[in-house]
Every structure is written in structure tokens, then in C-alpha cells.
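Here's the structure, in C-alpha cells; my notes come after.
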Amino acid sequence: MKEPFNDDVIGRARVKDTPELEAYYKELETLGAGALWTVANDIEPWEPRTSSVPMLWKYENLRELVLKSSELVTPEQAGRRVVYLVNDKRKDVSAAVGWLYTGIQVTRPGESTSAHRHKASALRFIMEGSGGYTVVDGNKIMLEVNDFVITPNSTWHEHGVEENGKTCIWQDGLDIPLVNALEANDYAVFDGKQPLEAPLNYSPLTYGGAGLIPADKVWDKPYSPLFKYSWKSVYPALLEAAKVNEGSPYDGIIMDYTNPLTGGPVMQTMGASMQLLRAGEHTKAHKHTGSIVYQCAKGHGYSVIGGKRYDWKERDIFCVPSWVYHEHVNLSETEDACLFSFNDLPVIKSLGLYQEKAYLENNGYQKIN
Amino acid sequence: MKEPFNDDVIGRARVKDTPELEAYYKELETLGAGALWTVANDIEPWEPRTSSVPMLWKYENLRELVLKSSELVTPEQAGRRVVYLVNDKRKDVSAAVGWLYTGIQVTRPGESTSAHRHKASALRFIMEGSGGYTVVDGNKIMLEVNDFVITPNSTWHEHGVEENGKTCIWQDGLDIPLVNALEANDYAVFDGKQPLEAPLNYSPLTYGGAGLIPADKVWDKPYSPLFKYSWKSVYPALLEAAKVNEGSPYDGIIMDYTNPLTGGPVMQTMGASMQLLRAGEHTKAHKHTGSIVYQCAKGHGYSVIGGKRYDWKERDIFCVPSWVYHEHVNLSETEDACLFSFNDLPVIKSLGLYQEKAYLENNGYQKIN
Amino acid sequence: MKEPFNDDVIGRARVKDTPELEAYYKELETLGAGALWTVANDIEPWEPRTSSVPMLWKYENLRELVLKSSELVTPEQAGRRVVYLVNDKRKDVSAAVGWLYTGIQVTRPGESTSAHRHKASALRFIMEGSGGYTVVDGNKIMLEVNDFVITPNSTWHEHGVEENGKTCIWQDGLDIPLVNALEANDYAVFDGKQPLEAPLNYSPLTYGGAGLIPADKVWDKPYSPLFKYSWKSVYPALLEAAKVNEGSPYDGIIMDYTNPLTGGPVMQTMGASMQLLRAGEHTKAHKHTGSIVYQCAKGHGYSVIGGKRYDWKERDIFCVPSWVYHEHVNLSETEDACLFSFNDLPVIKSLGLYQEKAYLENNGYQKIN
Amino acid sequence: MKEPFNDDVIGRARVKDTPELEAYYKELETLGAGALWTVANDIEPWEPRTSSVPMLWKYENLRELVLKSSELVTPEQAGRRVVYLVNDKRKDVSAAVGWLYTGIQVTRPGESTSAHRHKASALRFIMEGSGGYTVVDGNKIMLEVNDFVITPNSTWHEHGVEENGKTCIWQDGLDIPLVNALEANDYAVFDGKQPLEAPLNYSPLTYGGAGLIPADKVWDKPYSPLFKYSWKSVYPALLEAAKVNEGSPYDGIIMDYTNPLTGGPVMQTMGASMQLLRAGEHTKAHKHTGSIVYQCAKGHGYSVIGGKRYDWKERDIFCVPSWVYHEHVNLSETEDACLFSFNDLPVIKSLGLYQEKAYLENNGYQKIN
């Protein structure tokens, strides 16, 4: 993409090299210093600049390999038996896009991991199976397909599948690359088995009433007390909203999963959303700062990301890097399609770095290269 | 009730009258002044002091009179056709308890009121009928029995019943006495018919998903964007919570209606709750600052308030004044009972004036006088 | 003042008495109820309505009587030796205006009061003397003329004057009437002498740097950690601001005393300000909800309040009730004048009840009756 | 430094390579995927891990080169004439430590830069000269040695020195590396000369009163309205605090520059502090997440960082990386020493990533390697 901005203007560095300057630069270098004007235009780009590329991971290709991992290694050996998805341009930090990590984890009936915790935050989106559960700080929560569950920063957590369940596969989302980059990650292994501290499904049963908070509870954690958001209540909520809302031009009917005590994101560093594209819907393109990882939860369609078309159907995963135009299309003329997504927008927004731009040409639709 | 505190201590006013002092007091009075020590012990009580008394209003007595109002006056004449409930000790301010007003409003099929607004905030709890609706700032919302709806400070609002509905009766709750006392109330009549600005039931359909907020909405009002809390979702939420919570010793399973964007009260000056008393439940007594008005939404039982028993069944209304001990009993051994309530706790808490005290004698149960 | 609004419109109660209705009202009354339309127009005024009148208390009249109190009673007898100023229309609640109490307290060298605390919040403004001090939760703070000091809700506090000081007179401001009205006040006497818990003047020395907060301190109280605001820094700050600000059309150069951790009011229920009227300044009139008590800290002038002129000079105290037009005049053509004031605006604003209206006629200046 | 944690435990990845696994890994790679257990122990470190090293830049070495830049390039050519200081391990991102950039800028009398803005936030600390100024969004502010000034995210800003001033040198601090890493930076050049929108020094004269905020101002920006913190008021505030505080064991008397409207950091992404080490003071060692850049503003001493001694005197600059032990020593037995510093703690704290650990051995003092 051609850079539309010109560095040959007042206010940009326009110094030509001379022998005298080159000597000067060498002298600076010996002191652990440099001349700003030699790097300024590079480190002060005209517009936000991403180092990731859009990517799509087809589940039909990955599924077999994911299941194979359960034959190759045990959870005890692997810590967690996960195939992670890595951006072609972010292999150095094991990120799927920007500073977000994502992986696909498989657990067989009767298996469970040991408990651990870390400063990185984690979330899961259930793709397959039954009888799966997560334990978060002593709260065991049963999971079904398309449920969304959080295991926030520094909570003890472990996962498993009941003996009578079916092999579970879920997507993990973590901010490990970000927390590492911020030089703040840590890790601890739970000593022994994590004891249950509340009845089964305590969190969703207690905090899952719309607009209702237990009057006798105190919650002082910086993340949502609601650990699970059930597909069986999320999908109907989207259908209800669709009755009376035109929806976002860029995202259709889109709901953020929120902390019911703040209306803000479920955790401090990652947000998540579920969006519904109505039959035949084709949204307009926009771009914004912040990275997003998507999973198709229902239906099929495609997204145009940075001018290229990526076709997806149920369980496919794809990503949109920061400041790259994107638009979504539901290819069915009769059924709706749903996209789950998670993002680093809480970071971008809390630091004052969010900006957004609509694609103005061609009535808002990108030309596909 | 005997005052347990003694004013004959250092730190309390203990000045005896003398002729010299009496002359002094008169001189002060001519200047618009007085000696603090003549009033100090009175205006600085040892413990919070209420001027209200507990009261119970039996619906079986009131219902006929409420309905009769619909024969005696029209909504056009009355503004609103309401029977209000007044505390024996608060008639001067038309309050049911403390600074809270409550009334029972009746609307017949095909009737509707004109729209108005005021700095006082209002809420309703539906008691009878079908086809009732409220319009809040251009949002028309259909109401069913036991639904809770808000019409916040300075929103235009009006009520009515569809032609094909059945006569509706609901409880109004307002902070009119408080806002008058704070010398801040106002009133305006809408010029003409309030136009609808959103599809029917827009607010509950858009904001009624548990833990979900539309990603593309901006809300900058100091009250909840969710205007209606449906009994059909509130009651199941209480049942769910009852599965995994012991509940409050004083209130059983109790949920606050909250603003999903803040986790706080639905409006700045009034809060509301729904509580479930399990079959046979008898809560312990406590007292706290802040006044409460209750309506029995389901079942039957009694409350002990200030040492006196008040029996209630569905639709009965009663009040608990500030700093008066109260406990609740569900008299059924097989069915749960539900109490709706509204209160001024957002005021008391935001001003730093909340305190609470458990009743410690007799295992927490008051002796009934 | 003639009411500019007409109750004979749709949306107001316009029911005429009939024998049938009168019988109905009596029946309602026996049930602790009434017909709303008989009181609605009264309890729902068109505009905010105050029950206070503007008043001015001349210090030259009061001073002698205040000093005389120190001959008539001891601090031990009186609790606190205070002459309080009472609004002609608020004698029932001992308020100077609205729900605000004010008084003038005198303490002689070597005297000190015992410590106590209450849910009511208090503030002082020093009028005369030297060597005075306040102890707030174990923090002793020395006070000079025109200093402003707070003793927040539930802090232990006591006052005194050092042996080598001069008789101190200060103005007390409290929200006792409000906290009583909200049925939430309490009182406790400190058992024995309050021990000092920090070095002398700890609070202002630690938190008194502009824009500076100790990096190693944690403060979780709902009031300012800065207990004293010194005239010797407040007055220069006003002069600095006057160099580069036109000031408010209604108040000249006006600064709120704020909590440096929130930018908000010093306490949850009362705010305070210092304003500077430049030589010859005559501000325009406006009115707003919320009550204010003023003390002239410097200079002389007058205020027009509700169309009547009130002349003030140093140490005079006056009040402006809610929703009454007021404007201020500095009568000196060469010297500035300063008005200290405290108010209940934190209550009015946190409850969403603030509104303001400029006086539009006569170029913004009231006609004096 | 030997890693104190053992990866050969349950909960860590402990998979041995086999030919079958190696084939599996290759297959994953072709799909843009990998096996988490091959990288897990690396991306999930036991403790926070920095990629920076401690460094010290001696001003006596740099000063001449900095001044020389003013002979080699003009501000017009260079954009800004700055020598930047770069960490030996962060040259790829032009950072002094972590994600913080710092540089030394020189401006001669009569010179001024053109105005620009960017999503990166900036701050300056004045090292030498007189007559220097910054213009922030139309506010021109005069600067003196040891003054601290901010030019927040997206404000238009430019710098200069008056014709009659003396060559100014100041330290710049920016979060450019962070904002680039978050893929959110942008840049714009002001079209023409930035017009002044307020009187000279408007911001510090208006918002510089301790605990005072203009009652008639509204401020809705996410950064401090106080743009300059003057040494002439900061240093006395530290001396006052030193009278009544023991200070932090790790930092002596330390004050954060704060936003007077929030008590929080001056900007969303960078904080700054001034600390005073009393004569002879030797603080104890601790480590925490977050990076810090220091400049000695007064006196001389040394810091022990990661077990190595770094001697500093006035104007020297040094850095402490995340999670590296550090302690400070004032080498004078008679004079205090002051360290200015700026940091990324607002990022670390707002994202829930702050942790701190005291050095427990050897009475809290590191052994110097």
C-alpha cells in the first residue's frame, strides 16, 4: 500500500547525510545515544502501523491435527494440550495478531489439567463436545458449545471434561504476548488439587440475571463476577435486539460481553463480543486501532480484510490487525450468521489510543484485490 | 422507647437556665441567632432518629376505593388518577415513609394520561391488568403484572392502557418529598402528544441481555438505559440464585435492580429490589439508615417492624422507617414469597450516611409487642 | 412574587370538590390514604421552591454577644460555646438556610473542647485570633485568620486555643439539619483525650503541594486528605488566576476548595469556595438549586438577593436560598473583596438536582425593591 | 542470574522430542499453527522478565554533543533537534528502557519549532537555560530549570526560546515505543503557526493553587489541566513533607505529579515523580513491574540497580528496567539530593499488572557486584 503522506515537509526530519554528520552519529553511538532525526520519521508514522497480516485458519484443516495432539501428548506432559495459531509476521511473540494469542485446546472425557495462574488473562470459547468445565478460583462452571468463559489475571484455573462427557475442543484467547511485552507476566503452579469454594455454577447462577445484582454481595475485583456467558441466553438476546435495532453499519447487531458491575469489558486487558449478521447482510468497511480475533459461531460468509476476501464457516478463526479496513458478509439469504470475537480494545481505549475511520470510497465497500 | 444514652456527660450540653442566660437568649433572638447549647442535644441525637412510623396498607381495603376513583374523576381532570398512601407522621409532606411517596394508580382500557416531566424520579410496580404501557422519552414499553419500570428524573413520561387491555393498577414510587425538601423540584407539561422515538419495547429488547451491552451504543444519562425489568426474567433469576446461595440473613435471596452500565441503582435517588423468602423462611432482624416501601409480589407472611407484627399477602404495601429493626417471615411451608421494595438508599449511601446494625438479642428475632 | 405558571391546563390537577368526592376523601383518610389530585399541584411545583428567606447577620452586632458567651458558660457545660444563626423561616430545624447550619464559636486561650464525632460533617472558617487549632482524627492543625478547615463525617474532632494564643472566633458550618432530615445523624463522645497520631500540621504539610500527591500514601476515605486550606496560599492563587481569567459573570474569580485526589468537593455533603470580586466588580444575577452561606473575608460591598440589597463588610455572614436570584458588588474602586462560602451543592449535584438560570432582564442586574 | 524456578514440574511443558512429534510440528507449521508446549515455558515465565538493561548517561559526556547538534542541523531540517538515549538492548525500538523513549533537546535563543501532534504523549524536564517555552494547544507556558511540563496525547505543541533567553536544554520523555508497539501512533503537522488561545501561562496560573479548582471551569480531557509543575513550588513542597513524614523506605520523600481533577497521573500512559533523598539517606532495595527513567535534579549520589552501582550527579540520566532491584543513595552528608523520574506505571497499573517485591536479604541492601 502506497504511503499517502509526504515526509518532505516542515515538521518532519529532512536532514541529508554529510561526512561531518556521519562522524557525529558514530560519536553519539559510543555514548548510548543517537540523533533523533535519523529515526524520527520511522518511529513517528503518519498513521497507525501494524506488523501483523490478516489470516484465516480453516477449522476443517486444523481439527484433525488438534485431535491428534491428544494421542501424542498427555495433559501432564504438555501443561495444556493446545495447538496455537500464529500470525506469519508475529512468530517471534507467538501472537495470532498484534499482542493477542489464540489456540485450540482439546480435552478428552475424564481428563483434567492441573491448576495454575498467571498475570496474563485468558478466555475460552467452546467449539465442540459436552461435559466440559472450567474451575476459576474454586468455582466450577459447566460449559456448552458457543459458551464464553473467562479466567482473569491471577485467578487459579484448570479445565477438564467429565467422564461421561464428549471430547471438548475450545478456543483459548490470552494476552500473553502483551503481558510479556509489558514485562509483567508471571506463573505459578497450584500446589495440589484446587478445592471447590462454591456450589457448581455459582457465578452464572448468581450474577446471570439481566440488570440484577445480589444486594448482599461485595465484589472488589477488577474483572466481571460473571464468569460464563451462555449461548442459550446470548443468542436470544441478539435476536431480541435485532427486532428493534438497525445495528452498526460495520458490525450488524453486536453486543459486548460486559462486567455487570461496570458496563465495561469483562477483563482489564481483553474485551469480547458476539455479533449477528442478518440473512444477506453486508456491512460497510471501517478500520480502527486495536486487534481482533474472530471465530464463526454460526452460519457462513466472508470478510474483506485489507482488500482481500476471507471465506469462513462455523468454527473457522480469523483475525483483523490494527488499522486495517474490514467488512463482513453473511452469505446466506435465509439464516443469520454469528461471529464471536475477542480483542485488546480495553487496552487501546483505557490508554487513550482508540481511533476509527470509515471507508468512504465505493459506497463503503472495499474493492477486492 | 427509652433513650439508652445519657446527656449528663462531658461533650453534651448541660447548661442550666438562669435569669442572666434567659436575657441573653432573648437578645440573641432579636439578631436572628440562638445559643447552640439550648438545642444541641436535640439536633445531635445519639442515634439516627426517624419521624415516620411503620405502616401497612391492606390491598383488600384499598382496591375498591382505588377503582372507584376511576368513576369519580377522569385522568384529564386529575392529572393522574392516584390514591396515595400517607404515613401517619408524614402527612405534612405527603410521604409514605421518610421522604418517599407512594400511590396506587388506576387506568382503564383506552385511557391515557398526558405527558409531563419533573425533577422528581418515579418508578412503577404493576399490580393488576393487561395491556398497560408507559412511554419514557419517546420509548413505549408494555407492562405486565410484577414488572418494574422506571421514569427517571426529567424524562417525559405518560401511561395508558390499550383499548383491548384490562384495567391496570400499579404502584407508583416517587422521591417527590425529598426533591421538594431539597428545594429542587420542577414540573413541565408536554406540549401535545409525545411522539414515539423508538420501536415498541426498544429499551428492554436492547439492554435486557444479561451481561450484554450493545457495542455501538453510547449512553451518557445518569440512570439505567434498561427501563423495564420483567417479572418473567426476574423471578427465574431469583430461583437460580436460590440454588447456590444461602442468601442474606436479613433478606433471604435479594437482588437489586441495577443499571447494567454501572452495577449501581437504577436512578440516582431511588433504588429497588426484589427478594425471595423461601418456604418457611424467617429472617433475622437488623436496622439501617434509609427508608423502604414494600409490596408483596407473591405469597403471604408477615414482617416484624419495630417490635410489632404486620401480616401481608399479595399486593399489600408496607413501610420500614430509617433505623427501625425489621425481619421478614414467609408463612407458607411449601411456596416461596416475594417482596418488591424501593428505597432511598442511593441517597443515603452516596452521601456517606449508611450504617447498619444487627439485632443481637434473642438469637436475632425481635420480641413482638 | 406572582407565580408565573397556570394550573388550569391539561396535565395539572383540576378537580372541583363535590359532596361525593368529599365523602370519598374521608373514606380514604381512614385507610391512611388520600387522593393525589388534592395535593398534586402543591407537591409538584412548576419551579424549585425554597422555604428559606435571604438573611444577613452583621458581625458588629453579634461579636459582643458571641464574646459574652465565654463569660456565661464554659466549654464543659456547653459542649461547644456557639451562637448559631437561624433563618427566620427555618427555626424548626435550626438552619441558617435550607438544610445548612452555621454558628459562631468562641474559644479563649488555654481552653479546649472534648472530642466527639457525628455523621454530620463540619467545616470552620477562622474569623479572629491566633493560636487556634483543630484536632481531626489525631491530626492537630494550627489555624490562622481566613483559613478553612474540615472535620468530616465521623472523624473525631476537638478544638482549642494555645495558652499563649489570642481568643479565637470562627464560623462553623454543618449539615446537621440535612443529616437529621435524612434520619441518619448520630453522636459519640470520645472516651478520654484524643491522642495525637501524626506530627503537628501533618495533613497540610503532606497534601498541600499543588498537583502533588505522596507516591507512597494510600487514602480510601470519601473526603479530602487535605484538612486545611491556608489563606496564605488561597489568596495568592486567586490573584494569580485573576491575571489570566475573566472569571465567572456571576461570581468573579471563584475557586472551589477541592479534594486533591478527586477534584471534587472536600466532603460528600458540603462544598466550599472562595471568590474574589475585583475592584468595582458588579456581577450579573443568576439563580440555581442549592443553598449557600457566605462570609465576607476581605473588603466590603453588597449583594442583591431576591431583589433586595444586603450590605456586607469583613466578617458579616449572609445566605442565599435555593432558586433565588443573586448578584454581588464590590464597593471599593481600588481594593478587591473576597467572599468565603459553603453550600450543599455536592448533595444537589450528586443527586442530579442541579439547575441554573441566568437573570435575563435589565442586562442581568436585578431591580432593587 | 540463575533462574530459581524449575520447569520439571506438573503444570509446565515437559514434552521430549520424538520423530513423530517433529513431523507433527512441521505439519502444524504449514497451517500457520504450532504446538503450545514447544513454546509455553518460554512465553510463560515464572517471574516478570525484562529485555532492557540498566544504563546511565553522564551529562558531562553528552552535553557537548547535544550543543553541537545545534551547529549541525536546524530545527527546520531536524523536525526537533534531539539527541536520544537508547538502551543497549532496545535499539530496535529506540527506547531508553522498556517502551519509554527519552532524548535531550537543545534550542537556541530565537529558535522555535513548528507545531505538530501525535497519539504518543510527551513530557519535558528543563535542564538548562532561560526564556524557554512550550505551546500546548494554544497555551504558551514559560519554563525554568527543573520545571516539569506535559504535552499530552494529540495536543498541538511546539517549543522555543525567546530572543533574549539563553540556550535551553531539556529532557524529553515520550511513550513513542509503546504507542508504536500498540500500533496506534499517528502524526500531524500544524498548518501554519499555532495561534495563542489563552494568556501567557494561563494553565499554571489557573490550576496551580493547591486544592483549588476554578468553580466555573469544565474540563473533559483525560489528562491534567495543569500543564506545568514549577520547581519553585515542587521543591518547597518536598521540604514541607519531609518535616512530618518518614518517607518511603525505597524512595525517601517522593511525590507524584498528579492531575488535580483526579489525583491520578498527569497523562494516561506516563507518570512522573520528584523525590528527595535526605542528607546521607540510603534507601532499601525493591523491584516492581514498570520501567523508570531518572534525571538527577539536585545533588549527587548513586543507585544500585540489579546489583551494580551507578553514580550520578545533577543532570545525569539513568534507567531502571521492570522487575530489577534498585536502591538510591545520597552521598552528601549535608545537602539533600533530588531525582526527577518518569515511568509507564499508569499503563502497568491500569491494566492490573503492577506487582512489587522488597529485597529481603542483607537488611534490604543489595550486594554490589
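For reference, chains read A, B, C and D in written order, and residue numbers begin at 1 within each chain.
In this text, a residue touches a chain if its C-beta (ideal position, glycine included) is under 8 Å from a C-beta of that chain, and two chains touch if they have at least 3 such contacts.
All figures in this text were calculated on a predicted structure; none of them were measured in a lab.
Student: Using mean Cα positions as chain centres, tell me which chain lies farthest from subunit B.
Tutor: With centres defined by C-alpha atoms, farthest from subunit B sits D.
Student: Round to the nearest whole Å and give the separation of the Cα centres of subunit A and subunit C.
Tutor: It comes to 52 Å between the two C-alpha centres.
Student: With chain centres defined as C-alpha means, what is the inter-centre distance between subunit C and subunit D in Å?
Tutor: Chain centroid spacing, subunit C to subunit D, equals 43 Å.
Student: Once you find the CA centre of subunit B and the CA centre of subunit C, what distance in Å lies between them?
Tutor: Each chain's C-alpha centroid was found; their separation is 30 Å.
Student: So which bits of subunit C are touching at least two other chains?
Tutor: none
Student: Who touches whom among the chains?
Tutor: A-B, A-D, B-C, C-D
Student: Which stretch or stretches of subunit B touch subunit C in the complex?
Tutor: 9-15, 20-21, 24, 27-28, 31-37, 39-41, 43-52, 55, 57, 61-62, 65, 68-69, 72-73, 76-88, 93-94, 98-99, 101, 103, 113-116, 118-120, 153-154, 176-177, 179-190, 222, 268-269, 289-291, 321-323, 347-348, 350-355
Student: For subunit B, which residues are in contact with subunit A within the complex?
Tutor: 198-202, 205-216, 224, 226, 229, 233-234, 236-238, 240-241, 243-245, 247-248, 251, 253-263, 273-275
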